[in-house]
Amino acid sequence: STETAAAPDATEEITIAVAAPLSGDYAQYGNAFRRATELKAEEINAAGGILGKELKLTFLDDRNDAREATNVAQRLVGDKKVLGVIGHFSSTASLAASSVYEEGGLVQLSPTTSHPDFTKQGQYMFRNINTQAVEAPIAADMVVNLMDKKRIAVIYINNDWGITARDHFVEAAEALGGEIVAEETFIGGQTQDFTSTLTSIHSKNPDIIFLGTFYAETGMIAQQMKQLGYDYPLAGLSSLYNEELIKLAGDAVEGLYMTSNFFPGDERPAAKEFVDKFRDAHGQVPNQFAAVAYESLGMLAGAIETAGEDRAAIRNELAKIADYEGVTGSITFSKDRDVIKEMSIIKIQNGEFVIAQ
Amino acid sequence: MKLLEVNNLTMAFGGLKAVNNISFHMEEGEIISLIGPNGAGKTTFFNMLTGIYIPTEGSIVFNGKNITGTAPEKIIKEGIARTFQNIRLFPHMTVLENVLVGMHSRSHNGLFHSLFRTKKFYQEEKRNAYKAKELLATVNLADKCNEYAKNLAYGQQRRLEIVRALAAQPKLLLLDEPAAGMNPQETEALMKYIRGLKDKGATILLIEHDMKLVMKISDRIYVLDHGVKIAEGLSKDIQNNQDVIEAYLGKGA
Amino acid sequence: MFFQQIINGITLGSIYALTAVGYTMVFGILELVNFSHGSVYMFGAFLCLTLMTALGLGFFPAFIISIVITGMLGIVIDRLALLPLRRKNAPKVASLISTIGISIFLQNLVMVMWGSETKNFPLALNLGHIQFNSFRISYLQMIILLTSLILMMGLTLLVKKTKIGKAMRATAQNMEAAKLMGINVNLIITFTFFLGAALATVAGVMVGMYYQSVDPMMGFMAGLKAFAAAVLGGIGVLPGAILGGLIIGVSETLAAGYIHSGYRDAIAFAILIAVLLIKPTGLLGQKVQKKV
Amino acid sequence: MLQVCNISTYYGNIQALKEIDLEIKEGEIVTLIGSNGAGKTTLLKTISGLIKPKTGSVKFNGRQITSLDAPEIVKLGISLSPEGRQVFPKMTVGENLELGAFIRKDNKEIKESFQRIYELFPRLHERKNQVAGTLSGGEQQMLAIGRALMSKPKLLLLDEPSLGLAPMLVETIFELIKEINQQGITILLIEQNARMALMVANRGYVMETGKIVLQDDAINLLESDGVRKAYLGE
Amino acid sequence: METTVEHVNKKKKIIKRRSMIYVGVLAGLLIIPLLSLNNFTMRMVIMAGTYMILAMSLNLITGYTGQLSLGHAAFYAIGAYTSAILSMRFGWSFLITAPAAALMAALVALLLGIPTLKLQGAYLAIVTLGFSEIVRIVALNWMGLTRGPMGIPGIARPEVLGYRIASNTQYYYLILALVIITYMSLYRIINSRLGRAFIAIREDDLAAQSMGVDILKYKILSFTIAAFFAGLAGSFYAHYVTYIDPQSFTFNESIQVLSMVVLGGMGSMPGAIIGSVILTWAPEMLRFLEDYRMIMYGAILIVMMPIRPQGILGGIRFKLDKEEENQHEAVGSE
């Protein structure tokens, strides 16, 4: 689909693709990508487009399926108009597609892929999110020092993200003097019932439950914990930031602590502007996934502006980006095309997300 | 020589003894008929001979070998082949293929030969196809080779079933009501055919309600009722046996 | 901990049982592996939720209305997708693929209509719980188990004793002969689908309420587990569905609690396979003696 | 009572019935003979609504039934004992018979019908709790006939009722046919056993490859040379 | 009756015609890459090829032997993982990993089949489904072997006789070769004593047994052969996409392949091929529908089944098959 904002030279276009799950069980994340990038594109076009040409986005659905992702990648690589790709959402899709992008020499800037191997797949892979090597130790510090909990039970989702989160969290927490008393896992989208997991955690008598999970499961975990009559403090990662979580679990998640890349209450002007615009357009506050997609497009557009319409040059330009003022803070690509972002700690208080520190 | 010897065979379903303590024997080259009222246990008897049911009691000795409780796919290798009371062809296979499946137990091509289409493969396929067609010709089905079995008329299906059983070159052929659903003319032709088989040395055990056929063709007859053998002997004796008349033949016969 | 785990297992099991009862009924009557059951279950839950939140209906009216509407959806599914296949004497697998089509269709429709986010389902029947020493049972858990038992008994009576039940069985066993008895076969099958969809809704809503959340994918695993439970219990045997559901639920829970949470479904399926190896016709399924 | 006009029925592209005309008057026994594959079964199926003819019409008691579905035709009083028995294999003998009376509401008389069937076929009574799938071939045939009678039809269609039955029972069946006919049930009978069929029937039709080639009073047919040669095995 | 000479001539003619058709088709397939199709089209063709192998092999079990399997993805996965692990750990080339993968899948199928294939219908269906879930969950949890959800990235591109396969054109020829091998093997199996035994089991297992077919043995054989080719497809997939993780081998994958078989026509090899092509392309063709794409995909399945319930090519005997039969006939009357 095309999103056009009347402004620059409408006869000439610069095309950037957004590849994400727009249908299937992960469609909500793809939609966050879509809304955020559409918003950014409007802004760019209102400000005169890229190289004086209109920025056109093209959206491709990969259903979060490895095979479809490679199909999409092949399509995009072959379409000479496409100068860069924002995507894909998950590691499965991103990694499967990466060899195609690398061969085709097309920038694959994933706002969300946190798999440690992703940027090792080639020179054209970029990511705009902390790997768990960065985030999980911060979370460990939050749990052990800020919350002062030593006996920790971990529940993590059995995917690449969850496993790396667990590994780095456990390592850091133990280094800080914490003790891991239980580690439990589950398959996302498949397990709905956490009572047995929670019961066996309960028998280990932890001080806190740390969640390497997404908001949907977290809602269920919190609810079921409450129903079982257990009352453990909860802590998690930036993946939990979603307004839906509070709707889903209500007071069962009251007092939950988490790390955050992005938080709508952020006072920095870039963030504030984005949140306001997003709210105006969609009637809800953006989540982390929207935020990273939004700024990813900003960076890619910037790189095209300087490099011109040449894929290799765009890659080189993108790799040079440093101190980009994004909505999640200042962004610099490392030489491995990874980012390190500042994180804040937020918590749920009186049914709202608030800055804890 | 006794080809088949059955001793005290019993088959119980729960409390019901469908076949009750039957002893029975057959010589090579005989045609023997098994008759009796509906539900007397005739088909059940066949099912035990062919390994579909495992007898509750008793033994079956075939060709000097105890085959009681042997699985159906092995029984046919021993040399007993059958037809079914309710036709059980392979409906979506051609007539020829039906017969070729009948030859399964007498042929050997395995994965290797099939995959690499060895000389042996072609030899066996050729030989089998040739034999199958010969057999089909004997029942006037040669021109139906490539027809699906399900598209055959009823009488043709019956004949195909017989040929399929014969394809296994059995020492003993079991026919379960082969004439059912045939008109008198077809029955006549069937009778000739069975005679022809006998002349070539076949041994046949026949279940049939068509008394004309049974009486004309059988060397001996066994009569079952309620699972029990109530009479045995030559056609004449059976026809005049009061018990048989009462239980089975009725006054009209 | 052990008692609590058993309670957890029985609850999960009764959720499976609840889903499996409807599944096994349609399964038993139509001998159709029905992959649309899970998505109908999900649809029913979403509908009930929407009626409550968007139209502000109370739980019970919303529940009843969604049962009826989803039941009609069942009819539509039958008429549009499966009846044409029956008309043409299609093989069973063709219908199976159609039900897969239905399930893909429904799931994606719901996603487009309601979004793919997990949504909160209000705990409309918050009845509290009984606390024992080391474990607790909530009344909702008991209601779920009870509902599945009641449905099982009700359906058993329906299928075994009533005229329509006999017509259902006759239709399953020989459609042509059923017509010759004067049974309106298509009406019977449509009714079966209505009932199946209505039962799926009952399960979907109760499960949604129990977990206080619904999402468009909730029916997928539920459908598979219901299928597993139905087969484990013996196809078409209603009490078997309950038993099968409970066994899968308890084994899964104990596996997660005592062996490894990552392997829970694997262990549950391994137990299922092991049971079927010992009893090839399912726990309560009867071996039919072949008669030729 | 039954008027079949110009019926043509197809299986896919194969024409199984070619412009069939046939008539049955109330109270008659009519028999239809013909060799294998002539289309007899197809005709019965067409009459009872299991297959729809491409052209032509079927009238029952003056009413068009060509486009009615099988269950509605059954309700009008036409009952078929089908080829291949078609019993409900997983139901008991009793339940099978009960289903035969599916369209009836007169519970008391249904009980009487049960009685009658059980008297006719004591074997069925003996086995009323056995599942039909495990019955012997002949027992299933009895069940199929009994079940067809249970609906109290006005017109009874019998497709090879004597198939697989013991000689004594064959006699019983033919006597039964006569008897129920005297009680007012009209009968259309298909038989391989053409002689016996023609002996009980009033009239007969002879079919060959989808066409009616001959029709006459049963006695005349019995004596006709062609019929004797082709169908009576003489 | 024709004379023997005529027969021989006829037979020669048939063989000539047959080989001409074969040569024509093969030539057509060989020049496809020369049509300068874009890479995307080539990728779709290659993926369709992978599914052809999967669908043809599943067809052997479900279409020909009549056993409903809902777990074909398990063998696909086993093949992919075997290949990936052997290639990553030992640096073995595709020429070794591919047969190893296929054999591994076959071995697992054999071990699973021996106890389970006595089950029938839905009972077997749930066992195969359960087994494929077990395989996926083990792959997900056995970090030491499979790297679990981290998947295996950077799988080596195949090397065939010192020739490194990297471009889509090269992959095309590789998959073409594999498809042809699969087709030929299955065709030969089906048109032999084994194949007739399989079909007989599907048609009437009791009658088949009474004709001497050891049903359990032949079901296991069919299952094992099918798994062999599914494993081969998995191996190719791993070396083509170069990244695998357990999410690529879910139940949906089994269902997708089953849909291809049924849509194309059970018991028809060309049907399985057409089914794979249609269902591989359909989601891409429907992209213009955007959000409604998968709704439409579901609707297509619903609508297509009643049009031809036996599948697109189901129940049709092909020219080539027919001629084979005629040849039989000719041979028979010599």
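First chain written, first letter: the chains are A, B, C, D and E, and each begins at residue 1.
Methods note: contacts are C-beta pairs under 8 Å (C-beta built on N, C-alpha and C of every residue); 3 or more make two chains touch, one makes a residue touch a chain.
Every value quoted in this text rests on a predicted model; they were computed, and no experiment measured them.
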Count of contact steps on the shortest path from chain C to chain E:
1
Top of the farthest list for chain D, CA-centroid basis, is A
Could you quickly compare B-E and A-E and let me know which has more C-beta contacts?
B-E
On a C-alpha centroid basis, what's the spacing between chain D and chain E, in Å?
49
Return the distance between the CA-based centres of chain B and chain D, expressed in whole Å.
30
Taking the mean of the CA coordinates per chain, how far is chain C from chain D in Å?
42
Would you kindly tell me how far, in whole Å, the mean C-alpha position of chain B lies from that of chain A?
73
So chain D residues touching two or more other chains come to 134-135
Taking each residue of chain B in turn, which ones touch at least two of the other chains?
13, 43, 52, 84-86, 88
Among chain E residues, those touching two or more other chains are 137, 140-141, 206, 291, 294
Pairwise chain contacts under the document criterion
A-C, A-E, B-C, B-D, B-E, C-D, C-E
Applying the document's contact rule, which stretches of chain C touch chain B when the two form their complex?
289-290, 292
Going by the contact rule set out above, which residues of chain C touch chain A in the complex?
1, 4-5, 8-9, 11-12, 15, 108, 111, 115-120, 129, 131, 136, 138, 211-213, 215-218, 220-221, 252-254, 256-258, 261-262, 264-265
Spell out the part of chain D that touches chain B in their complex, as residue ranges.
35-37, 84, 123, 127, 134-139, 141-142, 160, 163-171, 192, 194-195, 230-233
Within the complex, which stretch of chain C touches chain D?
163, 166-167, 169-170, 173-174, 176-185, 288-289, 291
So, in the complex, the side of chain B touching chain C is made of residues 13, 43, 47, 52, 84-86, 88
